[in-house]
Each structure stands twice: as structure tokens, then as C-alpha cells.
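Only one structure is covered here, and it is reproduced in the block below.
For clarity, chains are labelled A, B, C and D in written order, and residue numbers in each chain start from 1.
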């Protein structure tokens, strides 16, 4: 194993302790629940509470985006595993300012069950909690509502965070997040597995020199495995799934995210980005804003995903809206 | 016959202890199963939960079965998370509720506990048999258990039918395409692999069987 | 090989093309030299030009820190290889606003030769260029002036960038950068090699399960190789070199950087950070501000480095000074 | 004897072509040497530079030796970077300058070209013999070359002495602790490894020897 950890059963707690110390200007752990990372500004008067969350191992997702004008809290599960209903509920208690809260997370069976139970608990207390599940991974299902959420989480969360920061009510925030989700499509490629700290072993097997197109951010198998191709070829193939899916068409304006799954150098990401930009240019799709780096990872997995979000004026404004968190800041 | 067959608290505590040990022993096996078709953590997830159960079991032992299994379930719910946390969590909570705060149950009540627990899994997960989940083991198992009881089999024999059918059900997941959980989107590629949740369900049932005299 | 590239001889050019497209709000390539990444704001009237640079493969160092109130230009070499004298000189041409320029880079034989030749060329044109070489790697030599620059680059560059942005003259900016360098100490550990894209092979051999304490950011060997230990042990050992070296003592205030060498998950970095904070607390050294993430990498190397900078009021102010670049922003 | 031994432009062009090929062939070998004690790129660095030389050599061929080697040197300087770029770059620029814009040189002038080139490496790198760099090959080589000329050896024989001594010098780096360049901070651990720059220097000299008739 090539991981720097102590006892594998303590990784999440130790990470959270380190995180809240390192970024104490932004966040702290909720006093009643060590799995709820709360913004120092929350609850923000007059603002809908933005609660994101999911399994650990995708850092900086989710906890890295808690702060000013983005998420108010992140609920933290075990590795690759949804947080508990109790923690989802506690997050509501921690950030609700009387305007209700929005749960935002990737659409996985486990997360749905746990967050839904959390919402039920909140409802019993009379706090309104709505939910938007991110479903951006084009190759995870034919039915959009069955699709998983991957790096598109970042766009949907950013939009929701900005909308809430602008003072919108829960229905408006939810509508903006739903629009962002409806306009967002992603797909990835993995060149390696990730190391589960408990077993010290890869969470699935993958030969050096292979790649898997469509791999999920928990290592869920993709659409096909093959010998690794040149970056341009790989990008072409991924784009050939993403573009017709929405579809993105000539005249559209998009935000682009070329995301590292953990261990892909920025060098490689920018080589991939270059090809993404060339393809979009060819198709007459205009790039409004781009993000390149590790935004939603799978621990030490080598790989990359591409996300496009089709923009209108509202989404542009929300994407550009200033925010300040440990792992994402717009001035 | 079934009214006289009493399962006391000692029995249930031993079963829980056995489950704790089994999950620890089989952690890597279950995780390997999940590697093939899921995200490679099922054994680790359960071990996080049952390690916590182990830590606290002593403190719960004096209470009734409903209390004990509520605690077991709540622990899984809060420490495991994921898909298996709420599913097994709900299972144990409802399993205990059906014991109606007693300290021991007869065999008919014992059946009702499983029925309630498995229904909770169905309710939470909304899965159906044939979707390559733990239900593929538990549902046919429960049906066989019910049949056995209706046919007046000896208690232990009846429970053997439960485990047998659950095992067969688990194996039936091997050729299946998954329709729920993470394996869902695997399509054809899930074929040929045993569902990890079905495998852990069988282990849990075996702990119940093993301690039955 | 597990890298997403095209022709290995094109990696740097393709990366730069992708980079300048993705971050076109901040930077562009200098018209006369494809290896000089220039801030869109440069030359900034009345400001000393801040020029950073070195080999490629350390991204986001150097080019990721070009932008507002940080570096005005980055000069880009081949992988692990200093840029050419011509490019160092061209960077001066691109950003000099009449107040002179400061070269800032890690202290490596190749960089020294090339930047010095660049400075000579600028001097011939009557442009004053001063140099500060970063020498933060405690285990690279007994003599401080022989030491290499590693992740401490980030602190020294940040301080110089802020000082220049505040309108200081070249001597003042140089003095601030020299103070930052004198107050900064780093040391790292590697758990793997990095993949050179040309050969497709690791730049040196390292067995899985081993670690090398003191490894340099080009894979230069460190002080000892051993079986990988638990994170807390590794951090303890590294801190035992760093702390007595300056020395950092009770009552000091420091900035902390726990840096990924490329492929170390944020989870592991924060587990390491937790122990760093515990050790500093024990010693009565106060943490003023912390940075955790990939700031100076070695492509896909797995490993981590710790950097401490001792602060005074001026350094605090300069560290906190707002800036905005593709890979580092303070609001 | 030395005045009559003329080395013409064809000779130098062939040498450059041979160097280009040698560096390409030996790229991975040189890189491996650098992996052991440096940062694993020496061969790749030189190949980037000499590939660029190869692209442009045709355009320079009509010009004099000073021009040609200035271009070779400038190309290495601007395309290679690192330590070896400025060192070999300076070497070739000064090597050419010593040819005083001629199209051919006699053997004495040929010696002066190497002298000027190697001095440029010394000036740029400030290294001394025994510090485990390319100079450990070039300096003793040049000394032997000078001795051979002072002893009136046949031109080709004299150059053989150069190469021989350079080879021995390169090998002498194996047991050394490095005092310059990236390997410097390796301490004892550099011991046992041939210096990559010394190795590439010998290759370059061998190309000069091979084409001598």
C-alpha cells in the first residue's frame, strides 16, 4: 500500500480533525456530531441552508466546499459510503436559519436512503428539507433519474450555493440546482484503481496500461475496458458520449470541468483540456469558464473526467458569484 | 411445538457475538465480492458497524430484546451508512420491535421477527427479488421458512430450510444483472458475480442457525 | 505507463496550450516565446516584475501562480529541467514596467546557470534583474546556500508577489523574499517514483511499501529509505529535522504547508496535518495560517512534504494579501 | 604535420549527424544513468535538443563552422535547458567561435576549438575535476590531447588519446561523491554510479574520432 495513514478505522475521524484544524478560518465540526462539517458563518440569517454530503474519499468534495456563499455544511460518510441518517439530520439542525434546507448529493442508493431518512427526521421537527440529486454521469444509465452523480456535483452545488447566498427561497434555490443538474453531463476514464486504506488493496483490479471508459467515482465499472490510448483519442471518445447526450449544440455556451480522479498530474489534465477545447470549438460551442484540477476524486485513482454544463444568464451569474471555501474561492 | 421452542436472550447475544466475529473474519472476502461489482467496501462497512456493536454490547445485555436490537440497528444505521447501513439497520430495529420488549421469544415470534426485519429491508430499499441484492437471499429464505412452519417441520429443521433457501437465493444472484445498488449500472458485467449483500445475509442467518439447539 | 498524454515530446507545449486556454482570464503565452506564461495584467505600472520558473512537472508550480498580486510571469522548462536563458530573458521583456524584475526559483545548478544568463542578457539591455533562490529543503545540504528549493517556493513567491503588489521597490521586494526564504524550512517523503512521460518509466526505482525520507521534488534521493511507517511516525521524523534546523521555538508563529507531491489524497494530507499541528502545539509554536494540498508536485509521485515559515508582522501581512491566480486565490 | 591535417565542413557535419543519432540511440541509457543519481532525464534532455538540431541542420550547412556551431549551441541552450543545456550549449558556441568563421580547420585549430569549448563548460558550471561531472571526462581528456600534440603523435592517434583519457575520466566518476549538479546532495549514495554527463561527453568525442580518417 502507498498511503500515508495510521489505523485504517480512524482515517475519516483523523482527516476531519486535521481538516477542521487546518481550515479553522472556514469550518468546524458540529458540536453534536463529529461527521458534520459546518461553516463558521452558519446558520446564515435569511439564507436557505445548503447541505452537501456523501462518502469520504472524494476530497476536496464534499467538505472542501463548505464556507462563504457555497455550502453551509457537509455530511461525511465512511469511505465510499453515504453518511448516516442521524448525521444528515444533524446537519439540518446545525445550519437551518428558518428558511429550510436543501440536500444536494450524488444519486446513489445508499445516499438516497440515508438522506431521505434524515429529511424525514427533520420534517418531524417541522423543518422543511428539499433534495436535489445530481445525475450527471451519462454512461451510468439510460434513465436520467437512475444516473449517478460524479464531478458535476461541483457545478450543481456551486449554483445552489450562490442562489442561496443571493437570498432566494428554498423553492428558487431548488429550481436553480435542478436546472444546473439538468444542464450538466459528465463522463470519466480510469487508468488505475484506488487503494482502500482498510484492506490496503485496490478497490478493483486494473492492469497497468489499461483504461476503463466510464468508470464511476467509487470505482463502479464503466462501459468498456481497453488498452490505454493517447490523450486526444480518449478525450474524443468521452466527448462523443457527452455531447449528444444533452445534446450540446452549436451556439451553446458551456462551463467545462476537467477533473482529476486523484492522481492525474495537472500536466495531463491540461493536455486533455486542450483537446476538449478543440472539439468544442469545432462544434461551435463556446466555453464561458473552465475549471481544471482535482474537484471530485476517488482517493488515489489515476483518471480524469470531463463535465460540461450548458449555461444561460442565470447559471453564468451563479457560477461567477464570489465565494470563499478551503478548496474553492472566487474573488 | 413452536410455542415450546424458546429462544432466550443468551441465544440472541451469542448470535450477535457470532455475527461480530463472522463479519470480522469474512471482511476481506465480502469486500472482494464488492470489488467485482460494487465499490469494494461491503466487508469493511459492516466491520465498522459491528466493531461498534462489539464495543457496546455489554452495556445493552441487561435490557430486553427490543432494546438490544434497536441499539444494534441504530449502531449500524449511524456507523455504517451506505446502502447496507440503513438496510441492516432497519432490519435489526424491526426485528427487535417484533419481540415486543420481551427477554425471550417462542419460535412463532422468532419467525415474526425475521418477517418484520426483511419487510423493513424491502420498504427501505424498494428492491424486488431478481434485482441482485440481499433480498434475493432473504426473500426466498423467508418463504421457505414460512412453508416449513406451515408444514410443521421441527424448529431447527425449519430454520435450516430458511438458510438453505437463502443460500440458494444468494447463489441465484451470480448469473443476474443487478437492478439496484451500485452494481445496477454494471449491466451484463455484473453477471457471474455473487452479490456481496446476499453473501453477508447468508452469514448472518448461519449465525442464527449455528446457535440453535 | 499510467499517464494521459500524446507524443511525449509535445507534453510541455500541449500543456501550455491547454493551460492558457483554460485560464485565459488570467494568463496568455508571451507572443515572442512559447515558454513564457504572462499575466494578462502585466506589465503592471509602478510594480516590480515578479518572475518565477523552473522545470515542468511540478504543476501548479510555477505557472499556476501567475496572476493578480502574485507572479507576473512564469518561465517554463522541459520536464524537471530549467528553462533556457532566452526564455528567462524574454520573461523580463514581457513584464518589466521600468521598476526592474525579481527572478525567484528553486536553487538548482541548471536553473542558476540559465536564469543567470537571462539576467546577464537583461543587464545588457539596461534592465535591472535581481535574484532570490529558494533553499528551503533542510536535508539537501549542510550549507544553506547549497540547499535546494522545494515547496517553500510557494511561500517565498507569495511573499514577494504581495510585496511587489504593494508598490515596494526592487530592493525591498528582494529583501522581503530573502527574509521569507531565510525563515522557511521544508522536508518531504516519497512513497513512489514519478513517471517520466518520455520513457514511460519511473524516474527512479522504488518498491511498493517503501518510503524515502527527504526525497527531492525531482526525485533526488533523500536521507534514508525504509519500510513505510504510519503517518504519525513519518510526520514525527520529518518534523524532527525541520524544527531544530531554523530552529523554530516556543512562542514562534508559523505558516504551515502540507504539500502533496502529486498523488497523495487530501485525506492522507489532512491525517498528516493533524499530527503536524499536534507537534507544534506541544512545542508551543502557534499556527497562524495553513495550506494543505498539491502546491508543488513531481507529476504523479506519491508523497508529501511539510513546510514551515516563521512569521513576523510583515510576513503575515504579505501572506494574507489578496491575490487571484488560476491555482491560488485569497479573497 | 598538424598544419596539413585538414578537417573540413563535411567532417563536422557528419560528426554532428552522428551525435544526433548516438544521442537518440543512447537516450534511454543516459536517462537510466541519471535515474540512479539525478532526476532521470539526461538522455531525454539531450534528445530534445539534438532532435531540434536535426530539424535545422540542412539550413545551416552552407554557412561557416562558427555559424553552424553557434546554431547548434544556441539550439541546445534554448531547447534543452537544465544543467546540460547551457553547458553543452556554451561548449558548441565557443567551439565554433574558435574556428574563426572558417569552413575548414587544421589540426592545431581543431585542438583550440576543444580547448575553448571545454573552458566554456568550466566557466559556466564552475565545477572542478573530481566533482563527478562531465568535466571529469573532458578535462583529463583535453590534457591528454595536449600532451599527445606536444609529443607529436599522429593526429588521429592524438585524438585517440583524448577519447581514451576521457573514457578513463568518465569511469573515474563511478567511485566519486558528487560535488556539483543534482547528484551533489546524494553524498555517499552517488558512489558506484557513472555520471551521465561524463558518459554523454564521451559519446560526443567518439563521434569526432569515428569520422576522422
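The rule we apply is simple: contacts are C-beta pairs under 8 Å (C-beta built on N, C-alpha and C of every residue); 3 or more make two chains touch, one makes a residue touch a chain.
Computed from a prediction, not measured in an experiment: that's the story for all the values here.
Student: Setting subunit C aside with everything else in place, what contact-connected groups do the chains form?
Tutor: A, B | D
Student: Among the chains, which one keeps its Cα centre farthest from the Cα centre of subunit D?
Tutor: Centroid comparison gives B as the farthest chain from subunit D.
Student: Compute the distance, rounded to whole Å, between the mean C-alpha positions of subunit B and subunit D.
Tutor: Distance between chain centres: 74 Å.
Student: With chain centres defined as C-alpha means, what is the inter-centre distance between subunit B and subunit C in Å?
Tutor: Centre separation, subunit B to subunit C: 54 Å.
Student: So how far apart, in whole Å, are subunit A and subunit B when each is placed at the average of its C-alpha atoms?
Tutor: Subunit A and subunit B have C-alpha centres separated by 32 Å.
Student: Which category does the touching pattern between chains fall into here: line, ring, star, complete, or other?
Tutor: Here the contact pattern is a line, an open path with two ends.
Student: Could you please write down every pair of chains that are in touch?
Tutor: A-B, A-C, C-D
Student: Mind pulling up the subunit C residues that touch subunit D in the complex?
Tutor: That would be residues 9, 55, 77-87, 108-110, 113-114, 117, 140-141, 146, 148, 196, 198-199, 202-205, 216, 218-221 of subunit C.
Student: In their complex, what parts of subunit C are in touch with subunit A?
Tutor: 1-6, 11, 14-19, 21-23, 25, 56-57, 59-60, 64, 189, 191-192, 197, 208-209, 228, 230-232, 234, 256, 258, 262-275, 277, 287, 289-294, 297, 299-300, 302, 304, 322, 324, 327, 329-331
Student: In the complex formed with subunit A, which residues of subunit B make contact?
Tutor: 28, 31, 35-41, 44-45, 47-48, 51, 77-87, 124-125, 180-186, 189
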